[in-house]
Amino acid sequence: MRWGAFFLVALAVAALIFGCASAINNDYVFFAGYTVLQFIVLATAWNILGGYTGYVNFGSAAFFAIGAYSTVFFYKFYPMPIPVLILIAAAISGLIGLGMGYLTLRLRGAFFAIATLALAVVLQTLIVNWNYVGGSRGAYIIRPSSVDYIGSYVHYLFLIMLALAVVALTIAYAIEHSALGYGFATIRDDELAAEASGVPTLKLKLIATTLSGALMGMAGAPFPYYIGYLQPSSAFGLEYAVNSIAMPIIGGTVSWAGPLVGAILLGTLQQYVTVTISSSVNVLIVGVLLVAFVVVAPNGIIGLVKSIARRGRRERKPA
Amino acid sequence: MQLFSPELVINALIAGLLLGGFYAAVTLGISISFGILDIVNIAHPGFIILGSYIAYILNAQFGIDPIVAALIALPAFYGLGAAIYQVYYVAFETRGREALSGLAFFFGLLFITEVLLILVFGVDYRYVQASYIDQSINIGFVNLPKRMLIPCMISILMFIVLQLFLSRTFMGRAIMAVAQDQLALRLMAASPTRIKRTAFAISIATASLAGAFLIIIQPVEPSVGREYIGRVFAICVLGGLGSLPGTVIAAMLLGVAESLTATFYGPSWAPAVSFGILLLTLAFRPAGILGR
Amino acid sequence: MNANLLEVERLGKRFGGFVALDGIDLAVAAGERVGLIGPNGSGKSTLVNCLCGTLGNYSGAVRFDGRDVAGLTAHQRTRLGMARSFQLPRPFASMTVADNVRVPLLYTVNARRAPRLSSEAVAARAAELLALVGLADKGGQFPRDLTQVEMRKLELARAMAADPKLLIADEAMAGLSHSEVEDIVALLIRLNEGGITVILIEHIMRAVMTFSQRLVVLVSGKKIADGSPNEVIRDKEVERAYLGQ
């Protein structure tokens, strides 16, 4: 399927989902659904760099927070509609991703991973000390109560995140089925051989970092409106870092479907656990699942499904 | 910004050096696992916090001095390190997929450790009681708090012991060799796996002591470990991977930098110092000061 | 106009205190078939790595097709026309054998100014290359399913896919049977007749002697002989250092 067709199918599915959610007409569905959709975007974005090229980003929270805080900044400075804020967040996060990549991508993957962690902390420290956006006290965002044609504001946010999820998944799909996807895979498999085969590894890695960072920033842009009160500890929260890594790894990093599966499964599981048990147990479960999958099933759920299918096909062949 | 006075600067410098000595102990484990064995054990700070809590329990329940408690717990940490390495080896080194999965593995361990501690102990700050914690030695205007001085001195001792171990004993030299040439080791009928496991176990054992130092110096709660991830890798990279003396020097430099920043600009900027140094080092001199 | 495709001038490479290459001078004319031999550890692969950009920080100069390649990354040199196979095969493990060969077609051939190959043409050319090395029916398999010998053939096919002016084959024939060695030598000679300059690094003397128009001998990082194959193997120093007389 060409990516254009994929985009249309995804749009259709999204429209269906929105229709069903509106029919149920329970605001909790929209609130919870927003979180799951947000994770779909974050997981897919992480996977473009981590899964496709093999460079692990521990600082997903930083890019997410950049998106969130650029919204806060403009809210105070010159309010703008959310779609515009999303584009601005994409530009800023993308640029920072590019800059960080340029500084560190010429080193080995392990150093890059550590540098992403460093970046997250540096950014958090800068934000905590920046009083215009609230610093450590936090910032309040007043949410409009409703939007024409769509209904309550949370319906609007849900719709926006749905659209972002469609965009993210389509980008991932398009990459996978293009020469760029091959290039990314060679970087993951053997960077030295990739260079020797003519793959411009630095350029491709920079593309991946920029794209990944931009998408994460876009996921963060509507967040202040969703949550109403933004503090650095929530924007740079631990759950974003763990989930951005756990969801693609558990779902399966080699395909666009992996982060989707991982985000839906883990996202809904977490909603359930947070409400019934506690949010700490939540993170514990994600951590345990991450370690378990990494040790036992490194290709994730999608990988397990594929290998079962392959074994089935082999058994069906006549001896 | 505070007024410059020589006493203030000197005290900040001394505090920085003492802090650096402590940071060196914290980083020692990473110098071994990352610097020598090339294993990115990003969960190391989690084990340090675990060490802090174990020191806390033994201190609160039985009144044992935290450093003594750490020594008691040392064998357990050693065993934990050996077990973790075994899992790591079977899951990753044999399968050849160490890059992405190894990092994710340790990252997962880091969070599991932190959350388990939250579930067991809660998020309140814990601290230990010992006679020397509130005492200071004063030489003129120079203030040497004992709670910083003692960990610093023991840390330097740890380094000397380990440096001697790595250069004088058979196992120590085997560890240095395994970093360079596994085939030669196999030909000598020494098992590289066993040697690496020993080294990794030692690196986790150091976390026991480092944890005790931490809770002597400051109150601890489970998420404190996260601040140290950047610090330890900054020191490790700045000092040059695999160089123990380099680690000590880099730790001192970082300690001084943070101390001066905290004194003159305020403590909320301190985390940015270490992570900023890390980014700059990676960008411009990844081999570090004394690197191989 | 220089007829030399490759000029290496006083190439030196150190690893810490260890001198891997010590002032290598080498000139390869366009269309030549050069054999490069030497004991293990003599620096042959290091030489290849420096030429192709996989290793940097070398002293001396490397000129390819008239231009100095200093500062060019490995992929840029590949696009200029240098291709190499790795001594220890480095396949892309997550993709099929056919896709492995597609990569240089997509990223080297299609990156040059000539009209880009369509995806059908890429697939056809990949199949053609696999057939040339005797892997025609393995296109859909994964590198982990191949034997060591088949992986070396894949290495060669991948290097050929980059449509090079200079092909450096680094011990591509280790482990091959007598007839397989003959096949590969014949293949390389055919490539050479089609215009590709080839440097063959090998230990299999039979192949080297059949193939080479010129023979270069490397020992401990120094070039100790460079001339016609028959003269070189009779050279006393070569006998002593390498052939073991």
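Labels for the chains are A, B and C, by order of writing; each one numbers its residues from 1.
Here is the rule we go by: a contact is a pair of C-beta atoms (placed from the backbone, for glycine too) under 8 Å apart; a residue touches a chain by one contact, two chains touch by 3 or more.
Computed from a prediction, not measured in an experiment: that's the story for all the values here.
In summary, no chain was found to touch both chain A and chain C. Comparing the centres of all chains, each the average of its CA atoms, the largest separation from chain A belongs to C.
Distance between chain A and chain C, defined via averaged C-alpha coordinates, is recorded as 42 Å.
Chain centres here are Cα averages; for chain B and chain C they lie 46 Å apart.
Mean C-alpha position of chain A lies 32 Å from that of chain B. Shown for chain A are the residues in touch with two or more other chains, namely 188. Touching two or more other chains at once is no residue of chain C. Against chain B, the residues of chain A that register as touching in their complex are 50-51, 54, 56, 58, 103-104, 107, 109-111, 113-115, 117-119, 121-122, 124-126, 128-129, 136, 188, 238, 242, 245-246, 249, 253, 280-281, 283-284, 286-288, 290-291, 294-296, 298.
Note for the complex: chain C touches chain A at residues 52-54, 73-76, 78-79, 83-84, 86, 90-95, 99, 102-104, 106-108, 110-111, 158, 161-162.
Contact residues of chain B toward chain A in the complex are 34, 40, 42, 87, 91, 95, 97, 99-101, 103-105, 107-109, 111-112, 115-116, 118-119, 223, 227, 229-230, 233-234, 237, 268-269, 271-272, 275-276, 278-279, 282-283, 286.
Those residues of chain A whose C-beta lies close enough to touch chain C in the complex are 179, 182-183, 185-186, 188-190, 192-202, 254.
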